[in-house]
Structures are given as C-alpha cells and as structure tokens.
Amino acid sequence: MNILSIGVLDFFVQEAVGFKRLLRAFCVNLYISLVSVLLSIFFGILFGFIVSKRKIFRIVFKIFLEIVRIIPIFAWLFLFYFKLSGKNGGLSGTAVSIIVFFVWGTFEFSDIILSSMEALPKHQYESGLAIGFTYKQLYKKIIMPQIMRMVLPNAINLIVRMIKTTSIVTLIGVIEVLKVGQQIIEYNVFKNPKAPFFVYGFIFALFFVACQTVSCFAKFFENKFKI
Amino acid sequence: MDFVLIMKLIPIYKESIFLTLKLSLCAIMISLFLGIVCSAISYMKIPIVSWIIKFYVEISRNTPLTIQLFFLYFSLPLFGVRLSSFNCALFGLSFLGGSYMCEAVKGGFDSIKKTQIESGLSIGLNNWQLICHIILPQAIVLSMPLIAGVIVFLIKETSVAGIVALADVMFVTKDVIGMYYCTNEALFMLIVSYVVIILPFVLLFTFLKEKIKYIDNKILF
Amino acid sequence: MKKFKKIFLFCAAILLGLTIFGCSSEKNLLDEIKERGKIKIGVFIDKFPFGYIDTNGENQGYDVFLAKRIAKDLLGDESKLEFVPMEAANRVSYLLSGKVDVTLANFTITKDREKVVNFSKPYMKVRLGIASPKKFPISNIEELNGKTLIVNKGTTAEVFFATNHPEIKLLKFDQNTEAFNALANGRGDAMSHDNTILYAWVNGNDDFSVSVDSFGSESFIAPAVRKSDHDLLSWLDDEIKKLREEKFFYEDYEKTLYPIYGDLVEADNVVGVY
C-alpha cells in the first residue's frame, strides 16, 4: 500500500533507459571535475612555489585571490560564458566550465600550499640551507614531506568541493546530469508524477557516492603513507 | 555601456541585494546555532545522536546545494509539504551551513588546551558547566577564522537560490538580460552587487582575525 | 627560478591564446556555415510539443522539424545541424554572442526584440493565454489581482504582465519544466504563456484548463538572426516563402502538433500565416 514502493518499481522498470542516461550525463560532471582538478593541482603547486619566493608576489597573489573569492563561482561562469565569445560563438559551456574551475582551483591550491609553507617554522628552511642543501633538495627532502600533512586534508576538501560545484554548470546550459534529469522529469510529467522525487534522489545519491569515494580514498591514502 | 540604463537597473538590484542579505543572515544564524549544538554533542560523544550528526554532516557535505534545493522545492510537494521559495532556500542553506559550521566549531573544540579542561574539573565544575562556561566560549573564539570562512561561503551560495524562483542577484541579472537585452550593463551590476555584499564581510573578518591572534597570544599561550 | 619563470610565461601565453581564439575575423555568415559544414540552431528542449527531447535523447518538435528542413535545404543533409538548447531568457544573448546562427525557439516577434535582432518571415501564429486549476479558474486578468501568476522568464507573457500589470505578483522560472511543475504543485494561482503551449500541457493534466483562451494581440513567431547577418536573413526569407508555398507547415503541424491537439485547434489558426 506504500505509494512510494509501487512508484519505485514502476519507475525502474519503465525508465531504466532514463537512469542509464543519467549515469552517462554524470560522466560529463566527472570529466569536468577530473580535468580541472588535475590541471589545478599541477599549476597550483607550481604557482604556490613561485609565489612563496618574494613578498611582493604574495601581496599581488592575495589580492587576486580575494577577487576570485568574492565573486561566486556561478557568477564567474555566467561572466565567462557571455564574455568569452566572439563571432565564432566562443567556447562551449563545458570548455568555459573547465577554464573557470581551473582558474579557481589553481588559486585555491596555491593558497593551500602557501599557507602550509607559511605555517612551517622558518628554522626548517634555514637549517636545511645551513647544512648545505640546494633549493631543490631542500624542497624535496624537508619542505614537501612536512607540508603534505597540512596540504592533504585541505586538498581533498577542495577536490570534493569542485566535484560538488560542477552541479552549477547546468545553469549555463551544459548538458550534464541535472539537465538530463530535468528532461526525464519533463517527459514523465504525465505518466509518472512522482518522477521528480526519484530522479533528484538518484542524482543526489550519485553525487554522494562520488564525493564520499574521494574522501574515503583520501583517508586510505593518508593511513597507508601514515601522513 | 549605457549608464542611463544602469541607473534604471539600480533599484531592481538594490532589492535583490537586500533579499540576498536577508536570506544569508537568517541562514547564518540558523547554521551557527545548528553547528554549535551538533559540534557540542559530537564533542560530548553522546551515543546515538553523535552517529546521527555524523551521518547528517556526511550527507550534507557531499551533496551540492543545487540538488538539495531541487529536491526540496519540486519533490516535497508530492508528499504535501509545500515550502515557499524563501523557506526552501533558507532550509537548504541552513542544512548545508549547519554541517560546515559543525566542522568549523569542531576545529575550535579540538584546539582547546587540555589544561583548561583539567583546571575546570579540578575546581569542581560538572560536565555541563564545563562546556557552557569554559569550553564553548573558547571554542567559538578559536574557530572564528573558520566560521568567517563559512559565513562568506554561505553568502556566495545564495547565488544558486535563484533556481527556486528567489529574486537574488543572479536571478535578477538573468531576468534583466532576458527582458532588456543589455548583457554588458547587467553583468557590470552583477559584479558591483557582489563586491558590495561580500567585501565588507571580508574586510571585517580580516580585521577580526588580527584581533583574535592578539587575544590568542595574550591569554591562551 | 629561471625554469619557473619560463613555465609561468608559457602558461600565460596559453591562456592568452585561448582568449584570442574566441575572437575571429569578419566573414559572411552563410559562407562560414557552408565552410563549417554545420549550422547551429537554438531550440527549446523542454517546450513540448515545439521543442523537446524524447526518451531516446533525440530532439523533436514543431520547431525542430523546421530546423531539420532548413539544414537539409542549406547544407544538403539533415544531420549537418547542431541543436543548441535554449531557455526563453537567453534566446537573444545566445544569438548575439554567436553561440547560435539562428534562433528557432518559438520566438515571438516584438518591437523590443526587433531593436536587437532581425526576424525572418513568420511561420506560426500565437496568442497569450492563462491556465489555471479547474477548481479555481481565473476567467479574466482582473481576477489575478492579489494572486500569484507563474511565468517563464524572458517570454512575452512575462513582459506583458511586468509592464501592464505590475500589481500582480509574478513567480518567475528559468525553464518551462520548472514553471509547469510549480503550477502542478499549486505554487501559483495561474500560469500565463503562449496558449499553444498551455493547451498541450493541460491535455495531459486533467486538473487544469486553459481558462483564458487568448488575450492581447495576435503575434507571430519567426526565426531570428543577428543584425549583421543579412545574407542568412535573405536566405531564410526565401526559404520560408518556399516552404509556405509547399504547405510544409501544414505537414509539420500534422506530424508534430495534430497528435497533441487533435481537433481541438484548427491548423489554420496556428500555421496559416501570410
């Protein structure tokens, strides 16, 4: 007699193809997050080390960081989508999302690296140089292992945030899981009025599984290397 | 850039800024309360409730606000619960903010020196008094930087609230572009609005952070 | 440090390149489309039965049928077509920013829109209507005083009520899906949109009816292009004239709209345009 249970069975049977479409569309989200995360980590670490060298770099960096942080990501996506275009139609929603996430990710990662490096006591650097290490050896053997402990939890937090934030790209027209979900609901609006509950519930579960997997993987990684 | 048009747009944006601030402040208050309560319960390790709170924090931190809002706004009416746009956005933001605040305040709880707890117990305070008078005030002050971060995060998340038909800054920008076809002017007003909303908070928190570092050094060595 | 500087400059160069890539030189749009081998047409994906996605993920609808024919006549093949999903509110900005070559998203001709884009010959007639629950029907606009009206952002319905009746509370949504969902959930007392859309929706929804069949003046729907694309405009004008002579739009109506409306609506009332 449970309305929900009858609905679930009906829905799964009729709309199995709908769930397949949702999974395929979720790959778009995952693709955007993966590419942006990989690019951000690489450039973020690079940027973090470059900026830590001089005080003036740090000041300029902090100003740009605040500018990037003040405007919400949705607003940046909107801005870039309408302004990064010429006669040729400009970049697609996916490309714009990757660019915006990459810029945001790079700044955030650099900030994580920078604050970890600032939190490390100065004598670590000085002792390393005093015993004759070159800069390369200093960073490789002394600095990096120590800041890893501070960087890793924040980095994982950021990666999970980036995966979550890809849900916003639906609002600039990218065909990803939320948009496909809405299409399925639209098509089912007469046949199955309970559709929104199941579709949004399924998407909810997808994001939860994806983000939780990343966090669990990080915990496993931390324990394994006893960081 | 048509400045006459911008003048016409200012009242529309002003209203949206007020609505955004109203939504953010209500959500911040509720999240702060929720966060402190959840964090205190987790700290005291009360058996079943701590598990529920852990579950809540995991769910809320691992799912995007967009989905939570769509779910609340479009699925709940099927079960007879119809929330207005504002209430829906408030519920969603508080749900999300509560878990972030919980994590922030937990950081504060964790950094309280053990000596504080031991001294409190040694002068005969019971658990409840210990929490209310000694631990909680210090935890909140210590977690100020993290709480500040969550506050700014919540204000920015209101940009998504437009999907439930709430007339915040992003919603109004899209609307204005759709009705008057003035993309440049609308995007300009968008940036100005967000700077006006968020910059004061950022400056306030930077100022407070300096003050707290001073207090931290002086009292809590 | 030198190595870092080099890498940094390299990255800056890439970013600069990406930005410049967005801009391109002046060219005749028609030639550009033929060179590209694909035409980008903006359509709705949630405005049943004019532009929507079926269970297989394919675009279907009255506008989509016309779009496929345009691609076939221009480039020789129906598949040389890229559908760009649009929302009502971004039909102009997508066209102006070059994301689409033509807007075929049930776009009504209005004076404000004519200032920013060029419309080709009309292919459909439309009037605004109001849908409301059968239990509490709204039979005229005056009854809406003090009530909540649901509209879709960027439509003629929104503009009509925002300009002429600011006293009526409007609940605005980005997409058709959300707007209809809200009406079904009772979030508003009525919804205003093109009556053709409303009739299609109430057909499958027994609790609602189109309580005001039409108000305001009769309007026309036509494809829209940018002001600078005169060649594409004249090609479209000739194409639509040709299709009218062929009675193409009656065929379109038979295939996409008749299954929905049946004998409720006369084909002439929708596609008989001169």
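Which chain is which? They are A, B and C, in the order written, and residues in each are numbered from 1.
Please note the rule applied: a residue touches a chain if its C-beta (ideal position, glycine included) is under 8 Å from a C-beta of that chain, and two chains touch if they have at least 3 such contacts.
Predicted model, so just to flag it, every value in this text is computed and none were measured.
The chains touching chain A as well as chain C are B.
Two chain pairs, B-C and A-B, are weighed by contacting C-beta pairs, with A-B ahead.
Between the CA-based centres of chain A and chain C the separation comes to 33 Å, rounded to the whole angstrom. Separation between the centroids of chain B and chain C, computed from CA atoms only, is 38 Å. With each centre defined as the average position of its C-alpha atoms, the distance from chain A to chain B rounds to 20 Å. For chain A, residues touching at least two other chains, in rising order: 82, 171, 185, 193, 196.
Contacts with at least two other chains are made by residues 74, 78, 163, 174, 183 of chain B. In chain C, the residues that reach two or more other chains under the touch definition are 90, 93, 97, 174, 178, 181. Residues 66, 69-75, 78-79, 82-83, 160, 164-168, 170-171, 178, 185, 193-194, 196-197, 200-201, 203-204, 207-208, 211-212, 215 of chain A are the ones that touch chain B when the two sit in their complex.
Of all the residues in chain B, the ones that touch chain C in their complex are 74, 77-78, 82, 85, 162-163, 165, 167, 171, 174-175, 177-181, 183.
Those residues of chain C lying in contact with chain B across their complex are 88-90, 92-93, 96-97, 112-113, 115-116, 153-154, 158-159, 162, 171-174, 178, 181-182, 185-187. Of all residues in chain B, only 58-59, 61-64, 66-68, 70-71, 74-75, 78, 152, 156-157, 159-160, 163, 169-170, 173-174, 183, 187, 190-191, 194-195, 198-199, 202 touch chain A in the complex they form. Interface of chain C with chain A (complex): residues 1, 4, 7-8, 11, 18-19, 22-27, 40, 45-46, 48, 52-57, 84-87, 90, 93, 97-100, 174-178, 180-181, 184, 204-205.
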